[in-house]
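Pasting in a structure now, in structure tokens, and then I'll have a few things to ask.
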Amino acid sequence: MTTNTSDASVIDKAPAHNSMAPEDTAELRKLYADFEAMHLMPLWTQLGSLMPMHPAPQAIPYIWKWSQLYPLAKRSGDLVPVGRGGERRALGLGNPGLGGRPYISPTLWAAIQYLGPKETAPEHRHAQNAFRFVVDGEGVWTVVNGDPVRMSRGDFLLTPGWCFHGHQNITDKPMAWLDGLDVPFAYQNDVGFFEFGSEKLSDETTPDLSRSERLWCHPGLRPLSGVKDTPNTPIGAYRWEHTDRALAEQLLLEKEGFPGVFEPGHAAVRFVNPTTGGDVMSTIRAQFHRLRPGTATPTRRVVGSSVFQVFEGRGSVVLDGTEHKLDIGDLFVVPSWVSWSLQAETQFDLFHFSDAPIMERLNFARTVIE
Amino acid sequence: MTTNTSDASVIDKAPAHNSMAPEDTAELRKLYADFEAMHLMPLWTQLGSLMPMHPAPQAIPYIWKWSQLYPLAKRSGDLVPVGRGGERRALGLGNPGLGGRPYISPTLWAAIQYLGPKETAPEHRHAQNAFRFVVDGEGVWTVVNGDPVRMSRGDFLLTPGWCFHGHQNITDKPMAWLDGLDVPFAYQNDVGFFEFGSEKLSDETTPDLSRSERLWCHPGLRPLSGVKDTPNTPIGAYRWEHTDRALAEQLLLEKEGFPGVFEPGHAAVRFVNPTTGGDVMSTIRAQFHRLRPGTATPTRRVVGSSVFQVFEGRGSVVLDGTEHKLDIGDLFVVPSWVSWSLQAETQFDLFHFSDAPIMERLNFARTVIE
Amino acid sequence: MTTNTSDASVIDKAPAHNSMAPEDTAELRKLYADFEAMHLMPLWTQLGSLMPMHPAPQAIPYIWKWSQLYPLAKRSGDLVPVGRGGERRALGLGNPGLGGRPYISPTLWAAIQYLGPKETAPEHRHAQNAFRFVVDGEGVWTVVNGDPVRMSRGDFLLTPGWCFHGHQNITDKPMAWLDGLDVPFAYQNDVGFFEFGSEKLSDETTPDLSRSERLWCHPGLRPLSGVKDTPNTPIGAYRWEHTDRALAEQLLLEKEGFPGVFEPGHAAVRFVNPTTGGDVMSTIRAQFHRLRPGTATPTRRVVGSSVFQVFEGRGSVVLDGTEHKLDIGDLFVVPSWVSWSLQAETQFDLFHFSDAPIMERLNFARTVIE
Amino acid sequence: MTTNTSDASVIDKAPAHNSMAPEDTAELRKLYADFEAMHLMPLWTQLGSLMPMHPAPQAIPYIWKWSQLYPLAKRSGDLVPVGRGGERRALGLGNPGLGGRPYISPTLWAAIQYLGPKETAPEHRHAQNAFRFVVDGEGVWTVVNGDPVRMSRGDFLLTPGWCFHGHQNITDKPMAWLDGLDVPFAYQNDVGFFEFGSEKLSDETTPDLSRSERLWCHPGLRPLSGVKDTPNTPIGAYRWEHTDRALAEQLLLEKEGFPGVFEPGHAAVRFVNPTTGGDVMSTIRAQFHRLRPGTATPTRRVVGSSVFQVFEGRGSVVLDGTEHKLDIGDLFVVPSWVSWSLQAETQFDLFHFSDAPIMERLNFARTVIE
């Protein structure tokens, strides 16, 4: 099954021969040298790599184990102070195919951020869009444009582009979480701005609910003071209790014989901007998936890259034909057009983010189900 | 303060004289007779009434008292059976300015529907968009496209165009509620279709939550099975507990010194379609307002007509300069361009619906705050 | 073939019996009298007419012959002066089914406007949207927001809502044309505003091209000074030479074996707003059709009303099964859901306008091809 | 003057000190080694370069002289055959700051393509969006999805993503033109697909107008066979005669005292998709600018990169404060946030393309006028 215009069976039929390979003469060498001097590059010598038959990412599919990530984050907490200048104790997951750059994919940044007891990460803002997902723990508040937002297990939290934000841990225990941003995309395309803010948090209170939630998190209700659409979601935190219940209801509906699940045995929700019903931010899609024990999703290829983190349960992912076992907290990246399928041993909950809004808004989206 | 292009101070400067009034001759009389025979009407004799300087509705501002409405609905329950053919025991509120037609305004229908103990109103569907608002009572389920939806005090319920729907009262007590539709608009513009469905409800179960709520009423979460936008909201019921809490939070935020209320002392939410963030249906806007005791809203004129029903508390409305006292259940209509202001004696809760989506989508919307 | 959700074969299955007809008792009479006193109307007694099984317009299909219209317009020119107060020497075509109101349909106004030699119709503006179509003649300039626009045979001219406009005839000959507006819709829904402007035209020059055309009528080119979208088209005149050529090319492409025509033998263009690609105004769609000799269009039913004027050639229209011969200048109206088909004797050119944007924006559009 | 949220005066206030620089100990070295082994990169050591205070492109502003480009293209024509495999005799302009990659900016590819007498470049298609702009010459036809499109001086021609296309030169003279694509963006983000097509052109006729123009290039007229919006423009060629006239009219309107020009002395048009009024393709904006002799544009900084080619006249560009003289055919690139101003010696015509649709659709657009 193919959506969009692609016919996967045809597009690999490349000719074996380049009819534009001229004879190697002194004249030609001189021409190529002159090209170089003039900062010109012939297309005919590099077409195949520049414009492959289908996406041929340098990024590779890769898994990071939580059992290894967390101890390293903890050691950073012991050795590296957090503060102004470095700004965040965050460990970027660098795709091994991307030559040592801290990019999990060409578009996405994923990092484990670690905040020790009583520590504060100072306020700043940037054009890059950011979110946090809490695989475990509690006790940190992130302050977004002056609004303190509690961070707890399973919560999905937003700091869209150009919002000031800082974090504080009010407890005696450290906390770690997943940060996701469009840093590589912003860097590559030269769109980033950055500004330092207050070193102390602008609001040190620790309310249970942020003001953004109190205003916006009532299903189907839009405050009349907010009827103008915003490019990013106005909601600061999507709480686990809602996500959990939404997924549970989909599986119940399926059991009762009604529509609701995304595919058989596979419940899924997208986090959305309530002013538009669209993605939470202009570059990042975020979703949550829950599979019944024993469920395997169809094998898909999608244009654009995705990152998953296991939140609960046990299962595996098959990436380009290779199966990888997954435990709680494990992260993996699916580069563009790499085939993937999830397999659930127990009930299997995964957080998922991707650059799908970029692909859809720029008309590059394609999906094939094999 | 004026939004849009209107300058209210200028637009009433009409000339006193029609320079196109020709001398009354036999030739002219013959011409006018020939016009009539050919089904032609001269503009110059009727311009002023056809194209007034500002909206000059035939509909008048009017109040219906719940203390009079409910007893009449009850008497209907005793005398008129409910069933196929007549379909609904609904009493349409007819604007006294609209010549005996059952229209509360040129666009909107409002009616009190009454369902006795154990009665069933059979299923049907129509192109007209409909909602229900429950000012009091419980015990009725409305079945929308096969999904049973509980109706309870304060709930706002949807049956958008071309959805099958019927109602059953499972209790020993009667129940009455407000129906709102775009019947006059549909009738006037010849867009209505109607189809009879099952006489018996297609699902007689009485769950606490409809399937639509279980799938859609999780704040900021969109099921992946429903990522295609729909013209009408997929939510069958907006529950009072959410509306109440959303309004309470706005007033609390105001008290704490933060943004949130629509105007000082005036909390308000709009019921929206979660797939778009826009109005619940293509022709009808629905909102809920809560005023602090003592609050008076600014005096507004708006293009398009509105209907309010008092849900809780006591206050008044000033319509074109005349104050009307209001009690729970009372309904009033504000025709186009009639000035209105709400005044709260106690905390004052009002349900509100209007034809604003028509005005906005067709570029006729204007508001003046006086 | 049916678009949308309607199944025409089902929707007429109405029950013969109204089970809600109660016994006629004194008590019931008293109840009905009390209803009347309270301005309440029972739905069960009028459901069938209020909410018919499909659109059952009071407006009827009707033809006006140009050979009769023009002489009457001319006689008006002799007997009725044009000027301030009456504003326009316009003869509204009143649908015989609409009880003497100057409405060609519930939404649309169509009129023949007549301007004698050297006459001026003074400037004014109104919220109602207006256009003109010139079936014959030349020599009049319409001034829209200060921009003089030449009116010539075949041209389609725009005066969207709230633009000042007036007309002058600079020649020694009279000129008549078709005016189309949304006057009935605006009147019915109380959205109209009106303002008198200058009695003398604000610009009496008579350029060949309006400034709007000089800025906007270059195919696929948008001025950088106009990159903000506007609800109405910024183009003042759509010239016949362009319309003619567009239609001719479609028929040529068909002859050459390529896509382009709307249906076999039927070329058609829609006049659009270049800032959006959508309809020229928020309430009125305008199109031009050209049929090859011998072509008959499929029989269609459409929700919403249409008006056609023959521009060139000879043919007929079949309206609800009855054929009507048509000559140049003849006008006919197709009320909602009335079936229609065009038949071309010679090459057959028709101007066409409708309320389709209302139907589409409000989600009431349906079409059936029989 | 600043549009968007940026305050250029504030955003450069970076702290001089990184408080997260820990003491260099054996333990820390071990930690950093373990990071590397686990493919983790600390944010705190690279924040400044990854997330600069404002865009700090590696690409540099650069000028290519036509007087040097064309002779090299000609020499390629003599030495390198054109055909299947290499596909195109195109010389990519490689930004000297981008390390030898054939990218004029991180998002855009610009190349001089050269086709000798009677040569054919075979058909293929790719997900990458492409256009051509003809600075001089004629005699080539490009066949886009089977539709032959004449290429002549001043024309702007489209081959949007996934359209088959090939070129043939039917004359005895060579022809060169500018190709613009989103190759770097597609490569970087792994969205490219490629498919070979016919080696011979699928249609070798050489009509004056393409079928796309015959169907779509009538101002304000949309074929009824094409009322569904398309993501890319359906127009194959935007002809110089229209562009020239549109620009001339803007300058005339300015002279007459009316609005029309983009800024004083500066006429400009955007090439748009007539189905939406938006950009011709999802990733590339194309515009044409004409300056009166003596005009200097304000100095701007814009997020995203632009390329200009001089079409006619003489002038200069000031890039980050340095002036560069420009002659016909000269090309220059303005990387993101580099300040630029055009200065016209004679009447000065420039073709201009950019990645602005990417920036706008993803909410990264910012402009500052200094």
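Labels for the chains are A, B, C and D, by order of writing; each one numbers its residues from 1.
Here is the rule we use: a residue touches a chain if its C-beta (ideal position, glycine included) is under 8 Å from a C-beta of that chain, and two chains touch if they have at least 3 such contacts.
From a predicted model like this one, the values you see are computed outputs, not experimental measurements.
Ranked by distance of CA centroids from subunit A, the top chain is C.
Spacing of subunit A relative to subunit D, judged by their CA centroids, is 29 angstrom.
For the pair subunit C and subunit D, the distance between C-alpha centroids works out to 43 Å. One inter-chain figure worth recording: subunit A and subunit C are separated by 51 Å, centre to centre, where each centre is the mean of the chain's CA atoms. Multi-chain contact residues, meaning those touching two or more other chains, do not occur anywhere in subunit A.
Under the contact rule defined at the top, the touching pairs of chains are A-B, A-D, B-C, C-D.
Interface residues of subunit B, counted against subunit C in their complex, comprise 5-6, 10-11, 13-15, 17-22, 25, 27-28, 31, 34-35, 38-47, 50-57, 59, 62, 64, 68-69, 72, 75-76, 79-96, 100-102, 106-107, 111-112, 126-128, 161-162, 183, 185-196, 231-232, 282-283, 303-305, 335-337, 355, 357-359, 361-364, 366. Per the touch definition, subunit A reaches subunit B in the complex via residues 211, 213-225, 227, 229, 233, 235, 238, 242-243, 245-246, 249-250, 252-253, 258-262, 268-277, 280, 287.
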